[in-house]
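Report on one structure; see the data block that follows.
Letters A, B, C, D and E mark the chains in the order given here, with residues in each chain numbered from 1 onward.
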Amino acid sequence: MKMSKIVQTGAHILYPFVLIFGLYIVLHGHLTPGGGFQGGAVIATGVVLVIVANSYEAITGMLQKVVFKAQESLGLLLFIGAAAIAITLGLPFFYNFLANSGSVFGLSVPFGPNHGYLNTAGLIPIMNIAVGIEVWGGLTVIILSMLSGLNRKEA
Amino acid sequence: MNILWMPFVLVLVILVLLALVRLYLGPTAGDRAVSVDTVNTLVVAILILLGVYFKEVIYIDVAIVFALLSFVGTLFVAKYLGGEL
Amino acid sequence: MLPFLLTAIFAFLIWLVLTAGTGDIGLWSAPELVAGVALSLVTAGITRTFLCRSRNFRMANPARWLLMCLYILGPFFLEVTRANLDVAYRVITGRIRPGIIRVSSDLKTDLGIFMLANSITLTPGTITVDIDETTHDLYVHKINLVFGEEKRETFLDSELFSLANLPAWIRRIAE
Amino acid sequence: MIEMIVQVLVLFGLVGAALMVFFFRDLLAATLAAGFFSFLVALEFYILQAPDVAISQAAIGAGLTTAIFIIAIRATTRYEGEESQ
Amino acid sequence: MIGEALTYVFLVIGTAFNTLGIIGLLRFPDVYTRMHATTKMTTFGTTFTVLSVVVYAVAMFLGGNSVMFPSLALHTLIAAFILAFTNAIGSHALARGVHKSGCMPEPSVVDRLEGVRP
C-alpha cells in the first residue's frame, strides 16, 4: 500500500534534489569527501525514498528492474574498459594516461593552496562515474528484489 | 575571531547519550523510533559544528547527506508499523 | 517537454548553489558550468515524471518562489518561535491536555495541502497525524486543548494559528 | 583535552547501543538500535577526520541497512524465538 | 566583535532548545507528546545552531579573511532547510504509522480519528 499524500509529495519533490546532489558527490570525488561508491549510495537511497513512498504495484510501472540491472553491468564494463584502454596504448593496466594531457579532465594542478579544479586528475573522475553508475544500479536492485519477495496475500 | 565550538559539541554529545536512555526504556517501538529520529537531528548539528571547528568547508556535505537520507529509515519503520509494507 | 525543462532548470539552480565559490565567471568556473548543464539534463531525463506529477505548472512562476521565501522568513518563522516557546513552557511545567481534532481545509492542490501539513507539524503545538485523501481533512494532534474545545466537531485551518494567517499565505503561494 | 572527552562519550554510546542490539528480543527495536549505532559510528569516523567513510556510513548504514532489515522482519517474524507462520 | 557576540548568543539559544527537546523526550507520557517535544524543539535548536555558523561565516567574510566562507554559509543553509523539510515529513509518517498500529494517545481528552478507520 502507498503512504499518505504528504509523504508522496515530499518524496517526489526530494527525488531530483537527491539525484543532483549524488551526481555532485560522484563528480567531485577527487576534490571533496565522497566518490563513486558514496555518491552511488546516496542516489540509490533517493530511489529507495521514492520506492517507500509509493505502493509496490505503482513502483513496477515507474522503475523497471531491467534498467537497473543493465546499469550495473554498464558501470562495470565502463570501469574495465577505462582501465583496459591503457593496454591498447602500450601502457600498463590502469595507467592514468589522461593526466596532464590537456584534454578533458587532463589539466595539471596549479601549485599552492586552492579550492580544487574540476577538470584535473585524469582517469580518476571517469572511474568514479563508472563506480557511481554501478552502485546506483546494484543497491536499487537489492531493494527491489527483496520487496518483490514479500508475501502480500495475508496483509 | 576565535569561537569555542567544542563545549557546545560536548553538550550535544551528552544529549545524544540521554536519547540513548529513551531508546532503552521506550515501551513501544514508536518511542524508540522517535528517539532515533531525534538523534538524526542532533548529529547534523554536531557535524556542522565540528566541520567549522576543523576549518574544512567541504566537510559540511556530510551533514547534508545525513539530513537528506537518514529519514528513509524512519519512513520504513513508519510504513512497517502502519502495516502498509 | 515542459516538465523536462522545468526539472532541468530546478536541478541546475541547485547545482549552482552547491558549487558556488569555485571560479571567476560570477562565482563559478567554466568546467563546473558545463558539467552542471550536462548533469541537470541527465537528472531531468530521469526525474521529469516525478517533480511535475500533478501536471500543473503554477510553481514555475518566480514570483511565487519569492513569496515563499518571504513566507518562510516572515510569518512562518514568527509562528515557529511562538510554538517553541509554548512547548518549552509545557516541557518545564508539564501542563498538557492532548487530543486529536479534525481540521477542515479548503486547499485543493497537492502542494498546498503538503505545505499546510508541514506548517502544522512544525508550528503551533500540533502534529498532523492523518489526512483524508479525498476531502483533504487533516487529523491533528494538539498538545493543549482549551476547555470546551473537545466538543467541537471540526476546526477551520486558520483557527490553529494565532499570530499570522498562514493558510491564506499558502493559498496565495500554491493555488 | 575536550576532544578526548567527546571521543570517550561517543565510544560509551557505541558500546551501549551495541549491547542493546544484542539484548533486545524485539527485532524491530534491535534494528532501531542498529540505526542508532550507525549514527554514532559515523560521528566517530567524522571526529577521526574520515568524512568519506562517514558519508558511506550515513547512506548505507542509516538508510539502506534499516530498510533491508525491516523488509526481512516483514518477511519473517518480529519477535525472536517465535514460530514462523 | 558584534559577530562574535551574535554567534555565541545563537549557539546558546540552539543548545538550550535542543536540551529542552531531550528533556521533553525523557519526560512526556506518550509517543505523540514526545514527538511534539523532539520534532519542534530539536529542529528549531538545530536551525539556530546553523544560523550561528552562518553569522560566523558572514562576519569572517566581511573581515576579509577568505573566499571560502560564502560556500560555508550556503551549504549550512541548505542543510538547515533540508532538515526542516525532512523532519516534518518523517514525524508525520511516524505519527500516522504509530496510530495505525493501534497505539492510542494515552492521556487524551478527545480522539476524532479513532472510529474513522476500520
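Going forward, a contact is a pair of C-beta atoms (placed from the backbone, for glycine too) under 8 Å apart; a residue touches a chain by one contact, two chains touch by 3 or more.
Quick caveat, the model's predicted, so the values are computed rather than measured.
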item	value
Partner chains that chain D and chain E have in common	A, B
A-D against B-D, pair bridged by the larger set of C-beta contacts	B-D
Chain centre separation in whole Å, for chain D relative to chain C (CA means)	31
Mean-CA-position distance for chain B and chain A (Å)	25
Whole-Å gap separating chain A and chain C, where each centre is the average of the chain's CA atoms	29
Chain B-chain E separation of Cα centroids, rounded to whole Å	10
Interface hub residues of chain D, defined as touching at least two other chains	51, 54-55, 59, 63-64, 67, 71, 74
For chain E, residues that touch 2 or more chains besides their own	21, 35, 39, 43, 67-68, 71, 75, 78, 82, 85-87, 89, 91-93, 96
Multi-chain contact sites of chain B, meaning residues that touch two or more partners	33, 35, 58-59, 61-62, 64-65, 68-69, 72, 75-80, 82-85
Pairs of chains found to touch, sorted by chain label	A-B, A-C, A-D, A-E, B-D, B-E, C-E
Footprint of chain A on chain C - complex, ascending	7, 10-11, 14-15, 18-19, 21-22, 29, 31-32, 35, 39-40, 42-44, 46-47, 49-51, 53, 110-111, 113-114, 117-118, 128, 130-131, 133
Contacting residues of chain A [partner chain E, same complex]	3-4, 6-7, 10-11, 14, 17, 115
Chain A - residues contacting chain D, complex	25, 33-35, 37-38, 41-42, 44-45, 48, 52, 139, 142-143, 146-147, 149-151
Contact set on chain B toward chain A in their complex	58-59, 61-62, 64-65, 68-69, 72, 75-76, 78-79, 82-85
Sites on chain E touched by chain C in the complex	17, 20-21, 23-24, 27-28, 30, 32-33, 35-37, 39-41, 43-44, 67-68, 70-71, 74-75, 78, 84-85, 87-89, 91-92, 95-96, 99, 105, 107-114, 116-117
